[in-house]
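Below you'll find the structure, written out as C-alpha cells, and then a few comments.
Labels A, B and C are assigned to the chains in the order they are written; within every chain, residues are numbered from 1.
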C-alpha cells in the first residue's frame, strides 16, 4: 500500500512525540527513501528503540503517541535485540516462522512450513531441515538471531527495522549477522532503519545517520560526513568513545 | 535476595540506620503496627474493657440481639459476646504468638546447619522436610493434637513439630548462597570457628527473611488455632476462643448469623494487620 | 532414552525416602506421648485386663523395631494400617469407601480455582493498574487470615440460607442433587487457593505479556487471540502447574475440614469420627493416605511440567 505519491518502502516521520509519565521522544522528524538504510545511534534512554516501535505500531504498555504522524508505505517488520527472549521458548522455531508466514500470506500449514524452510536457507542457517523442528534453546546465539531475521522476513516486508540486532552476540557472530543483513537489503530491496549504540556497527550497514539524545535528534546527515565532521558536541563524544580502538593496531576497517 | 549483607560490625550499624529510616517511611508498616497495636491493647485490657464476665451464663438471657447492655448480643448460654470476643482474642493471640516461637528458633537453626555444613546432614534434614510437607497441614496438625491431647499442649507440640519447615527452607537457601562467598572464607581463614561464623555473621543475614516469614506463620497458626477450636480439638471450653464461638453459633446460622460471623472477622483483622507488618518489614529490609 | 532415565533416578532419590518417612512418621504418631499407647486409647478408666488385651491385639509387646517392620509390612503389602478398633474392618476398606466423595470435592475445587483464578489473572494483567488489578492485588492480604471453614459458613449463610440456591449441608439424592451439594464446599476450599494462584498467574502473565517474543509474534501479524492462547497462556501456565502441585496439600487438608462444616460423609468425617472414638488405626490410615496422595499428585504434575517444557527435557 502506498500513500499518494509515496514510493513503497518509504517512511516519513513528522513531529513524533511519545510520552509515558513524561516525554520520551520529543518532536522527532526524518525521512527514509525507498531502498535506503538509515542508522540511529544514541545511548540507552535516547528514545531510539521507542521510535522504531512507533513506526512498527507496537508501543510498549504505558507509552502513547501524543503528537506527530508516521507514514510507512508498505509492510514493516522488526528484528529484535535479544534473540533468546524474542522467540517463544515452547514452540519449535520452524513452527514460529511458519506461523508468521501463514498469517501474512493467508496460506495453509504446508506451504507455510515450506516458506519457513526457504527463509531458513535465505538467512543461511546451516542444516535448515533439522532446525525447523528444534527449540530456541537448542540453537546458538547467532543461529537464533538468524531465526528472528527469518521471522521478520516471513511477512514479505518492505521496511525492515533493526533494534540492536547484534548487541547480544559475540563479536565474530556480529560480523556475520551484519553481512547477512546488508546482503538481504540489497537482494530484497528493503528499506532499513538500524538502531544501535555502537557507531562502528552502524557505519558498516548504513548510508545516512541520525544521532539521538534524550528523545531528540541532535545531528543528522550522510554517515561519512557526520563522522569526519561532527557538528554537535554529543556526536563528538560518541565518536571519541569509539575511535581509540583502531589505533591499537588492527588494520583495515572500523573507523 | 537477603537483606543488606553485614560483613563486619561497622557496616551493621549503617545497615540498621537505613532500615529504621525506611521503616519509618513505610505506610504499610505503620498501618500494620497501628492495627496490631490496637488489637494487642484491646485484648490485654480485656478485663477492663469487657462489660461482663465472659463465663457468666444466664438462663433467660440467651440469644439476645445486640443492645446497649450487650454490645454484640448474647450467645445460646446467655454469655455476653462482646466480652467473650475480647477474652478470646487474648487467648488466641497469646497462644498463636507463643506457639510460633519454637518452630521459629528450630527452623532457623536447622536451616543454618543444613545450608552451612551441607553433605549428608543437609540430605537428611531435606528428606525430613519433604516428609513433613507431604502431609496436608491440617491433617498432620489434627493427628498430632489428637495423639497428644486436645488443648494448649497439643497445639504447642503440633506446631513445634511441623512449623519449622518454612524457616528451614528459606534460611537454608540464603545460607548456601552465602557459604561460598568471599567474606565467609576470609572469616574462616582468620581462624574463626564454625559456630562463630554462623552466629555472628550468617545469622544476622538470615534473620530479616525469617522474621518476615514469622508474620505469615503467626497468621497461619492463628487460623489453625481457631480452626481447631471450631473442630473441638483446640482450646477447650470454658476458656473463650474465637473458634469455639463460631462453632457454637453454627446451630443458629439461619437466625442469628452474626454469632458465627463476627469472630471470623476478628481473625481476618488480625491477619491483615500481621500481613501489613510483614510486608512493611520486608520493604524496609528490601527482602522479597 | 537418556533423559527419562535421569528423571526416574532423580525421582526415586527424592520420592522413596519421603514415602518411607511418611510411613515411619505415621507409625510414631501412636507413640508421641510417653506412656502406654493402649492405655491412651482406652482412657483412664480402662481395666488392666482390657489394656493387656489391646496390647496383645495391637502387638505392642513386641520390640519396637519389630513393630515398625510389621507396620511397614501391613502398609506396603495390604495398603492398610490395621483394623479399625471400632468397626473391625480394615482401614483400607473404610478409606476406599469414603474417598470418592472427598476426591470429587477436591476435583471440583481445582476446577473452580482454575476457572476463577485464570479469569481474574487475565483481567488483572490486561488492565494493569486498573480497578480489577488493584482489587486482585489486595485480595491475598485479606485472604491470608480467612479460615476456610469460616468461609464455608459464610457461603452457607449467603447462598444456602438467604438465597436458597444451594442446600445447607449433606449430600442429596437424585441425579443432580449430589453435585449441587458439593458446589458450596468446593467453592469454600477453592477460595483459599485462588489468591496465591491469581497473584502468581498475574505476575507470570505480566512478564510474558511484556516479553519480546510476544512483540515479535504481534509484529509478525499473528492475530491476538492466537498469541494469547497458543503462546502466552502456555508459557504462563508452566509455573502455575508447579504452584498447583504445591497446593495439592492445602486442597486435601482444606477439603477434610470443610466436610465437617457441610456435614459431608467423606474422609473428613471418617477422620473426625475416628478421633472421637479414639480409633488410632483409622487416624493413622487417613493421615497416611493423604500424604501418599500428595506425593503421587506432585509426581504426576512435575512429570507433566517436564513433558510440556522442552527446556527441561534436553537440560543436562
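The definition used in the following text is that a contact is a pair of C-beta atoms (placed from the backbone, for glycine too) under 8 Å apart; a residue touches a chain by one contact, two chains touch by 3 or more.
Just so you know, these numbers come straight off a predicted model, no measurement behind them.
The chain with its CA mean position farthest from that of chain C is A. Highest C-beta contact pair count among chain pairs: B-C. The most central chain, judged by C-alpha centres against the centre of all protein C-alpha atoms, is C. Centres computed as Cα averages put chain A at a distance of 55 Å from chain B.
Each chain gets one centre point, the mean of its Cα atoms, and the points for chain A and chain C are 51 Å apart. Note: centroid distance chain B to chain C, computed from Cα atoms, is 23 Å. Shared interface positions of chain B, i.e. residues touching 2 or more other chains, are not present. Across the interface of their complex, chain C is touched by residues 127-128, 130-140, 142-144, 146-149, 157, 216, 219, 222-223, 226-227, 230-231, 233, 246, 250, 253-254, 257, 260-261, 264, 267-272, 274-276, 279 of chain B.
The touching residues of chain A, when paired with chain C in their complex, are 56, 58, 60-61, 77-78, 80-82, 85-91, 96, 99-100, 103-104, 135, 137-138, 148, 151-152, 154-155. Residues of chain C touching chain B in their complex: 14, 17-18, 21-22, 25, 29-30, 32-33, 141-142, 144-150, 153-154, 156-157, 161, 249-254, 256-257, 260-261, 271-272, 275, 283-284, 286-287, 290-292, 294-295.
By the touch criterion stated above, chain C contacts chain A in their complex at residues 128, 209-213, 215-223, 226, 230-231, 234-235, 238, 308-311, 314.
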